[in-house]
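Below you'll find the structures, each written out as structure tokens.
Heads up, the next two complexes both have chain A, just with different partners, chain B and then chain C.
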Partner chain A sequence: MNLTQQLINGLVLGHAYALVAIGWTLLLGVARLVNFGHGQMYMLGAFVTWWAVVKAGVPYALALPIAMAIGALFGLLMQRVMLKATFEQNLVSIMIMTLGFGYVLQGGAALVFGSTGQILDTALSRSEIKLGELWLTQQDLAIVLVAIAVFVGLKWLLDGTRIGRLVRMVAEDPKLAQLAGVNVRRVYYGVFAFEGAAVAFAAGMVAPRTPILTSMGFEEVIMTFVVVVLGGIGSVTGSYVAGVALGLFTALFGALVSPAYTTAACFLVLIAVLVLRPGGLGAGSTAGVH
Partner chain B sequence: MQRRWLKRLALPLFGLLVFAAPTLLGGSGAVYSAAVLIAIFAVMAYGLDVIVSDLGEVSLAHPVFFAVGSYTTAWLSTRAGLGSWATLAATIVVALLFAAAIGLVTLRLREFVFSLVTYAVGVVAITVASNWAFLGGSDGIRGIPLLDLSVGGLQLSARNDRELWPYAFALLAVTVYLIDRFRRSLLGAAAIMVHLNPRLATMAGTDPARVRLQVFLFSAPISAAAGWLYAYQRAYVSADVLENYFLILMLTAVVLIGRRQLLGPLIATAMVLVQEKFFSLGGNVDKIVLGAVLIVILGFFPQGLMGLLQPLRRLLQRGR
Partner chain C sequence: MSGALLQVRDLQVDYAGNRAVDVRMLSVSRGEMVGVVGANGAGKSTLVNALIGWSRGDPVVRGEVELSGQRITAWSAHQRVRAGLALVPEGRLVFGRMTVEDNLSTAFAPKASAGQRVYSRDDIFELFPRLLERRQHLGSQLSGGERQMLGIGRALMMGPQLLLLDEPSIGLAPMLVSQVLQTLRKLAASGLAILLVEQNVRAALEVVDRLVLLERGRVVLEGPAAQMGSDPRIAQAYLGAHA
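Then we have the complex of A and B:
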């Protein structure tokens, strides 16, 4: 095993995790919404991109916006159904509903795209970059660059613009924000549309690395959990750092110990953090609810 | 006086009706297998019901308890040759160990962090079950013997779903009785108090963490016992007992009729299974139907189907 190669793999994987988690990070930070359908939305994004490229013959650069538009529309639909529960902060209902949405997506995608696995190939994923012994695809490089760009862009949007200020106000106290004249409903719709578009975009970027299956959402979401929880629920910078760290950990664990149990290992890391910092993450994260 | 008598008689009468239902519905093999599955999945859902309805938390680890029951039974009956009573006892013990481990780790986590971690437990369980050779890996464990609960000279065994039905019914009846007792118990009252007002509970001298752990320990063996019978019914066990389907089915069973309705999970499970077994629209469409039912109920009828009956009942009372 070449350590440098594993570190490169880890960095690529880490940026992929961070990119996939970005929509949920914002959703959780702003609307305190937990989306268990996230993994299936990722699956949908991957399949729409695949369908557009392979079946409809659309260029990859155009397939991504198509997937994002469909993702955003689905996000808006979810938020429409869950709006009442969101205003009531009825987390129990919201969590179960998002599980239901994920299940509907899984059945629907199998119906439309068939239940066989597919490979999403792009021009970028076919061309390799070789540096002596080391290699990565151009797609890998694109994932890293795009993830950094998206995180920097989101950070700027949240900290430096008027929209960002409104979003942060709603995150802090939705009722007060409403009294101050902020259209809270529109912000909720906005973050959910962002979640849908962001995860679809991430899927279009990341899915060429692995075969895609309509049943993959159930497991896909777990890395996002770990990133979001380790990153300090709702923190954009924290998610980026947690994503990259998790990617390095996964790559090294897969190479040194066992690739089959990487999910289990990541979960143990999560448990360790939650137990070592009891009250910190768990209690702190729910302080603003109710 | 008369009404109280009616109320006391209603449940046993309903039980008798349920017990006779497969015969009344024609008594074909398909009806009996559906009835057995309904009983098993309803028991599985009752385990989750006390967590969601009484404690007010969403545990997504209950399919794991169900799988723990199935795997313990499969492993011990095929590799160690244990009988059905011994596998039931082992199922309960192993489920308690799992519940204690998960419960202790998640004790201080609340709401969505608790749900995230319990969901992750499910995903990890499926990767472990499908990779670990000890549990049969992706092939699972085959060749589970028939259910045999014979005691002394009394022959109690089941060769097919028709003969399995009395045992499935008995398991269901015991479960409903336990849930009813739980809701009338001090622990049940404490769970509701912790759910609705944890601060008040603490002031009243109840330790919320302790109550949560106790309810968790009460609920896990119930879902696991369903897994125990499921292993005998299917005669083999593989990682697909951890599929998303069981989680969605359980959650639908808990919310469809309404929270804290004693017979709610049973009726809801029956509705879902009857649709899937006798009015199936194909596996994928069935998934869409089940998921959509869950969404529509929570999004538009948060009181469940019982909520729809409320206005009707009010109307009847006014008329009297």
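Then we have the complex of A and C:
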């Protein structure tokens, strides 16, 4: 085993986790919602990108915004259905509805795309970068760079712009935000659209690393859950750090112990962190997005 | 009153079938400062919250609320804010995780119309110099008085035609109460309409033009502040005078 290679694999995997989780981080921070359909939205993003590239002959760079648009549309649709429950913070209903929505998406995707596994090949995933014995693809490098750019961009948007301030107001106290003239309903729609677009974008970036199946999504939703909770609810920086840390842990645990037990080990880490630091790694945060 | 900025007719607010407010008529004109007083549970907070369509519960609201001749009864809170109503809620609520500057952000660009003033952050800092010193502090780090100033400043940033305040003096030192109320008086003198809900009747009488006494959700007495101060019902129940 080459430790440096495992660290590279872990870094790529970690940035992929962080990228997949970013939409949920915002959703949880702003609307205090969990979306158990997140994994199936990832699957949809991957298949739309695959369909656009392979079937429609669209360039990969254009397929990504197409997948994002479809993802955003599904996010808006979900929020339309769950708006009342969102305002009432009816978390049990929301969990069940998002879970159900995920299964509907899975069934619909199987109907449209078939149940055969597909490969999303891109020019980047075919190009290798070799540094002596070390190896990664340009797609891997792109995942790392894009994830960093997306996190820096989101942090800037939240901390440095007027829209970000309004989103933070809603995240902290949606009722009080109304008195600042904020259309809370529109912010909730925006956050769901962002979640849908972000996870579709992440899928378009990450899916070329593995075969894609309409039945996938479970692992993605589980790992996303671990990342957002480990990172601290609503913490953008925390999610990034947790994603990368989890990727490194997964890669090293898989190489040193066994890949078969990595998910169980991840949850052990999650439980240990929550016992020692109940707010997650981004502790100190009680409510809101930051 | 014809030509009033705010007109309320037959406003009823029910919580779980219990009537909390039943106001037949209430009006506020431009530049007028109206005080709403009453005992605990009289429906004062429920009244101002219903005027702006804002509530932490789930009340049933009936009746008509007009602002500048526009019916706003069915509008949501943020729409009413954009139309020119602003509320400083009870409890000195500010965004604790945001700086003073960020607390003064607006979701829209208020328009100056019909004597309505648009305030900038600098105007707010001029009005409350203490906030300027604390501009980079988080809302949660402010004292009670500073939070109240910030709440008023945030409401003014909405460019209101009518400013609603719910018990701004609660928990403040007497000197701060006087400072806050005098600031409100100055704002009214500049043309802003103000509806002030206040338990401190003595303090309210010093600054308001007109006083409304609410009991069990109903207006039981209303008149110019100068006359209301000497009304035996006000004097005995709220000013500590003996019959």
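Throughout what follows, the second predicted complex is superposed on the first by the 276 of 290 C-alpha atoms of A that agree within 3 Å, B and C clash if a C-alpha of one lies under 4 Å from a C-alpha of the other, contacts with A are read in each partner's own complex, and residues count from 1 in each chain.
The definition used in the following text is that a contact is a pair of C-beta atoms (placed from the backbone, for glycine too) under 8 Å apart; a residue touches a chain by one contact, two chains touch by 3 or more.
Source: prediction; values computed, not measured.
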| item | value |
| --- | --- |
| Fit or clash - chain C, chain B, common chain A | fit |
| Partner chain(s) touched by A:103 [first = chain B, second = chain C, both, neither] | first |
| Chain touching more of chain A, residue-wise (chain B, chain C) | B |
| Angle at the Cα centre of chain A, taken between the Cα centres of chain B and chain C once the superposition is applied, in steps of 10 degrees | 90 |
| First (chain B), second (chain C), both or neither touched by A:34 | first |
| First (chain B), second (chain C), both or neither touched by A:85 | first |
| Touching partner for A:120 - first (chain B), second (chain C), both, neither | neither |
| Which superposed partner A:242 touches (first chain B, second chain C, both, neither) | neither |
| After fitting on chain A: smallest Cα gap, chain B-chain C, Å | 16 |
| Residues on chain A engaged by chain C in the complex (per definition of touch) | 162, 165-166, 168-169, 172-173, 175-184, 287-288, 290 |
| Complex interface listing, chain C residues touching chain A | 52, 54, 56, 76-78, 81-82, 86-87, 89, 93-98, 102, 105-108, 154-155, 158 |
| Touching residues on chain B, where the partner in the complex is chain A | 52, 56-58, 60, 105, 108-117, 119-121, 123-124, 126-128, 131, 243-244, 247-248, 251, 255, 283-288, 290-295, 298-299, 302 |
| Residues of chain A defined as touching chain B within the complex | 32, 34, 36, 81-82, 84-85, 90-93, 95-97, 99-104, 106-108, 110-111, 115, 218-219, 221-222, 225-226, 229, 233, 260-261, 263-264, 267, 270-271, 274-275, 278-279, 281-283, 285-286, 289 |
